[in-house]
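Some structures to go through are shown next.
Two complexes follow with chain A in common, the first pairing it with chain B and the second with chain C.
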Partner chain A sequence: MKASLTFHKLMVGLLVIYLLIPLVGTLLFSIAGKWDHTILPESYTMKWYIELFQDERFYDAFRRTLFLIVMSVGLSVVIMLPTIFIITVYFSKWEGFLQAAAMLPYGIPPIVGAVGLIKVYSDGPIQIAGTPWILIGAYFITILPFMYQGIRNSLRTVNAVQLVDAAELLGATKFQAFRTVVFPNIISGILVSTLLSVALLFSEFAFANLLVGGRFETIQIYLADKLNSSGHLTSAIVITYYSMILLLTGTVLKLSFRKEKNPVVSNKNRILSLFKKQYRHKNTALEGEK
Partner chain B sequence: MRKIKKQKIYLLALLLPFITFVIGFEIGPLVAMIKNSFYADDGIQVTINQYITIFKSKFYLQAIQNSLVISLFSAVTSVIIAVIAAYSLTKFSQKIQNRLLMITNMTSNFEGIPLSFSYIILLGNNGLFTLLFSKIGWDVFADFNLYSWTGLILVYIYFQIPLAVMLIYPSYQGIKKQWKEASSLLGGSTSSFWLHIGIPVLLPSIVGTFSILFANAMGAYATAYALVGSNYNLLSLQIASLVASDVALKPQLGSAMGVLLAATMIGAMWFNERMMRRIRRDLR
Partner chain C sequence: MSYVTIDQVTKGYENQVVLNNISITLKKGEFATLLGQSGCGKSTLLRSIAGLEGVDAGRILIDGIDITNLSPRQREVGMVFQSYALFPNMSVFDNIAYGLKMKKVKNIKSRVKKIIEMVDLIGKEESYPHQLSGGQQQRVALARALVMEPKVLLLDEPLSALDAKIRKSLQKELKRIQKELDITTIFVTHDQEEAMTMSDRIFVMNNGQVVQSGSPSEVYTSPVNTFVAKFIGNYNVYDMEVFRKIVRNRELKGTEVAIRPEVLQLVSVGEDSLDLQENWGIKGFIKDVSMTGNVLRYEVETEESAFHVDYLHHRGKMFEQGALVHILVPKKECIIL
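What follows is the complex of A and B.
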């Protein structure tokens, strides 16, 4: 029994080391002064970070990414909230369509999506290929599955339909019911999927590179461009960038931990809980058969 | 009555922005891509030549083959590692399990350009490990080239493993302690428990995870772009250079390859469904 526990410790230890080595290596490299023939750096310095934070291009790229994220996530919240609400409450027979439309982007990689987007928007009436506007549209679709799941689950948890019925009985209009009863109750549930979407778009490269490229330099494009310059500086960018992602996902984990007590499923792969639900059904079926 | 009708029209109007976005940026581009793949290079003549070109060209077939092989290989390896590692995980206390899963979750966000860059720092031509090993005199890495098939595989496996662990781990929760007890009461050994009960129960989750990982690798673009640029022949890199590069643009051919890639992904998902249903029917 003891021997097998040693095996499990070894397995997990190896996995953790394997997963952390690239991160630790990059971190060390970003603060290393001289490091060419020792296991650990000979001297440490912060000059790469200082250099990075004095780079105008970095701030510009960061601002552009932020602009794209705020626009597309904002649009998504403003559009998807009423859409999902209206469809679940009034047109429930269309829920299948909504779900199909919302989940489809999950099966289509950006590289395929970009082919069609370039075709549609490079000529014809709306020529927005190469501008940030096409990215906002593409990003709206990219985060659709996450926003949809988040909003729909929140509406279900608070029993939105019954809430609206009750509010109407008490003399409120539908809009009032939505604004004063449903909305305040689901806002924290939406926060999680909003943050997930932000993290996802932060690390989005394929659309940005294919649709717009250097004409609107986002943080990822900036990073890709810097790959061939000083390794130390690029490490500093990677670490800065990754810290922001960690901050975002950390907040997500904390928020969902408070709610669900199962924090691990609640990352960006949350969508796959669909699959997990299937297994759970199956397992209970098995138990029932005993 | 009229009031209700009026309200419905008003509500439908609120759905318009969503419908516009879905048509404009999701369905529209997909349809445009499929349609465009049936045109000749001039964009006027309707033809299936683009598909014939792909299947007659050694170069493009190579790209498809490379993508398939790299996706299969990385998916299979990651699933095997994840099945073992996730099982080992379940042997720890709940607190440690949560902490370890936190690490996998955090590293699953480390992908794309930053990940490739990390590997270049560690194992590239002037990488830390490369220099270190050559100084120590280990020549395991002497023949290793990060900017090649082996390098790509290594990086792909890295970003697949955390995902695989997180997908497979929950299904171990479905294996009840009582089943093990029942099996050993009936005289089964540990290995016969896993062979006849454990693995069959896990199988749908393993197959499902496999097809997700496969699709994930097929569609991966950023990682490969940063690591090998256009030096390695992959389906996603070829599509990118056909529709959005500075040299020879062939959007119709790119569309045809996009359709093929999408078909592969849908195929993987369909296979996943089929397997799932089949296994479940057997259980009944």
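What follows is the complex of A and C.
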């Protein structure tokens, strides 16, 4: 038993090292002065960060990326949440169609999708090729699988159909049932989907480069551009936006913990349980009736 | 005058008929049970009464009002689900008060408090569903339905997820509360023992139809067909042709015969006291003995067939496996189907 536990710890430790090494390497490279023939840098400097933070282009790229992400993810939540709820609860026979549609992005390589989108939207009634709007549309589709799976799984986990039935029998309208019963119970799932989507879109390059390129420089395009000038600077960019994602994720999670009405169930555990696909509605205490 | 009327209700999914022309009437305050195997349509009928499923034909009336086309929230029925369907984001108090808040009722606090006392959940008001045991969750679900003072209470296998001891205790409590409030109740279960214990009237369902209805005693002692005999009472059921050979009587009419296992008697071969005026005597041997706690179940093999015989489990009074016996079959207890 003990040996098996040690083995598990060892495996997890190795995995963590494997995952962290590139990140630690990037961090070290971003603060390295001279680093040629040694394992660790010979000298350290912050000049790459100073150079980065003095560059207006970086801030502009970051702002544009945030704008794209907020618009795409926000639009996705506003459109997909009611759609998935209505189909799951009231039109379950159409669920297969929605699932197939949500999986489509996996079947279309970004380059094919981008070329198609440019062709369709470069003339005709909606001429948005080359503008950020086409990128928002493409991002909406890109994150569709995450949003769909996350929201649908949350709805199933809380048994939304039965909760709505129960609420309606108690006098709630369909909208009241959704607002007061379903939504508060799936918010963790929505949050997880949103965070996954944000993380994915932050590192998205193919669509950004092909659809808008330098006309609407995002952080990834800025990064690609800087790759040619200095590896140290590129590392500083990567570490900066990685830290920002971490900060953003942490803030969102922290805010949602504070909003948690139920003092006993930690939202953190709920989010983790969503990942583990565990049903948390279990009998945990006070077993045994009189 | 009937309080609940289900009049020729029919429902189907695609090509399958789930409810086939069902008609049921209930008096006010009656505790009725829909009893049947999985897939017989009992839960669909309950959900149709609640308005959670539509019906293809027929009418449903409660207290003289046709509710067939009303939405669930307009029907004034309460329902307790098998999986409780408590709202995980709300405390016990908020769960129970939910319906009252939706209907903007006054005196919410006092009404909730009263019902919490009734279902014996004092002290659990601020607990969340996941902090309660299965039995406690079920009480919350019951309280949540009862606080609305529904015209009809619908219970969809509410006790099936609980262990035997808690189930028995909740059966009694449910019955007590139902009598106390004099609330018309429709209970769905596949457990015939539970149906017998709780009901004023049982409706046995099979293939979307009510095949028999009556008091628990009527349904148990006078099954109308083989399905009911086998489902509700573990009857010995024989084809009449076979039974004529077993009892060596050519004059018996009917197509099948059903005999309850507890009316049969076993007498060791060699004993003289066989009453063959009132009984048929059949020779056989004990093939198997099994025990279900208070009942001993013998499987007796005869020349033509096999019988199940149930005996109360008395200490020391037991037939051994392989023993030669006479089965005494009381003639008046043979139910011709």
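Side notes on the structure shown:
Criterion: the second predicted complex is superposed on the first by the 210 of 290 C-alpha atoms of A that agree within 3 Å, B and C clash if a C-alpha of one lies under 4 Å from a C-alpha of the other, contacts with A are read in each partner's own complex, and residues count from 1 in each chain.
Keep this in mind: contacts are C-beta pairs under 8 Å (C-beta built on N, C-alpha and C of every residue); 3 or more make two chains touch, one makes a residue touch a chain.
The model shown is predicted, which means the values in this text are computed figures rather than measured ones.
In the superposition on chain A, A:92 makes contact with neither chain B nor chain C. Of the two partner chains placed by the overlay, only chain C lies in contact with A:171; chain B stays clear of it. Using the contact criterion defined above for the overlaid structures, shared-chain residue A:188 touches neither chain B nor chain C, since it reaches no partner.
By the touch criterion stated above, A:163 is placed in contact with chain C alone, chain B being left untouched.
With both complexes placed on chain A, chain A has more residues touched by B than by the other of chain B and chain C. Legend: residue contacts after superposition of the two complexes on their common chain; A:110 is shown touching chain B, with no touch to chain C. Where the contact sets of chain A with chain B and with chain C meet, they give residues 264-265, 280, 282-283, 285-287. Chain A contributes residues 158-159, 162-163, 165-173, 176, 180-181, 184-185, 261-262, 264-265, 280-290 to its touches with chain C in the complex. Considering their complex, residues 5, 7-9, 11-12, 15-16, 18-23, 25-26, 29, 35-37, 39, 79-80, 82-83, 86-87, 90-91, 101, 104-105, 107-120, 137-138, 140-141, 144, 174, 199, 203, 205-206, 209-211, 213, 220, 223-224, 227, 231, 234-235, 238, 241-242, 245-246, 249, 253, 263-265, 267-269, 272, 275-276, 278-280, 282-283, 285-287 of chain A touch chain B.
Residue ranges of chain B in contact with chain A, taken from their complex: 7-8, 11, 14-15, 17-18, 21-22, 24-33, 36, 81, 84-85, 87-89, 91-92, 98, 100-122, 126, 128, 131-132, 135, 158, 161-163, 165-167, 169-171, 174, 176, 201, 204-205, 208, 212, 215, 218-222, 225-226, 236, 239-240, 243-244, 251, 254-255, 258, 261-262, 265-266, 269, 276, 280, 283. On the side of chain C, the complex with chain A involves touching residues 50-52, 71-73, 75, 77-79, 81, 83, 85-89, 98-99, 102-103, 120, 128-137, 144-145, 148, 165-166, 169-170.
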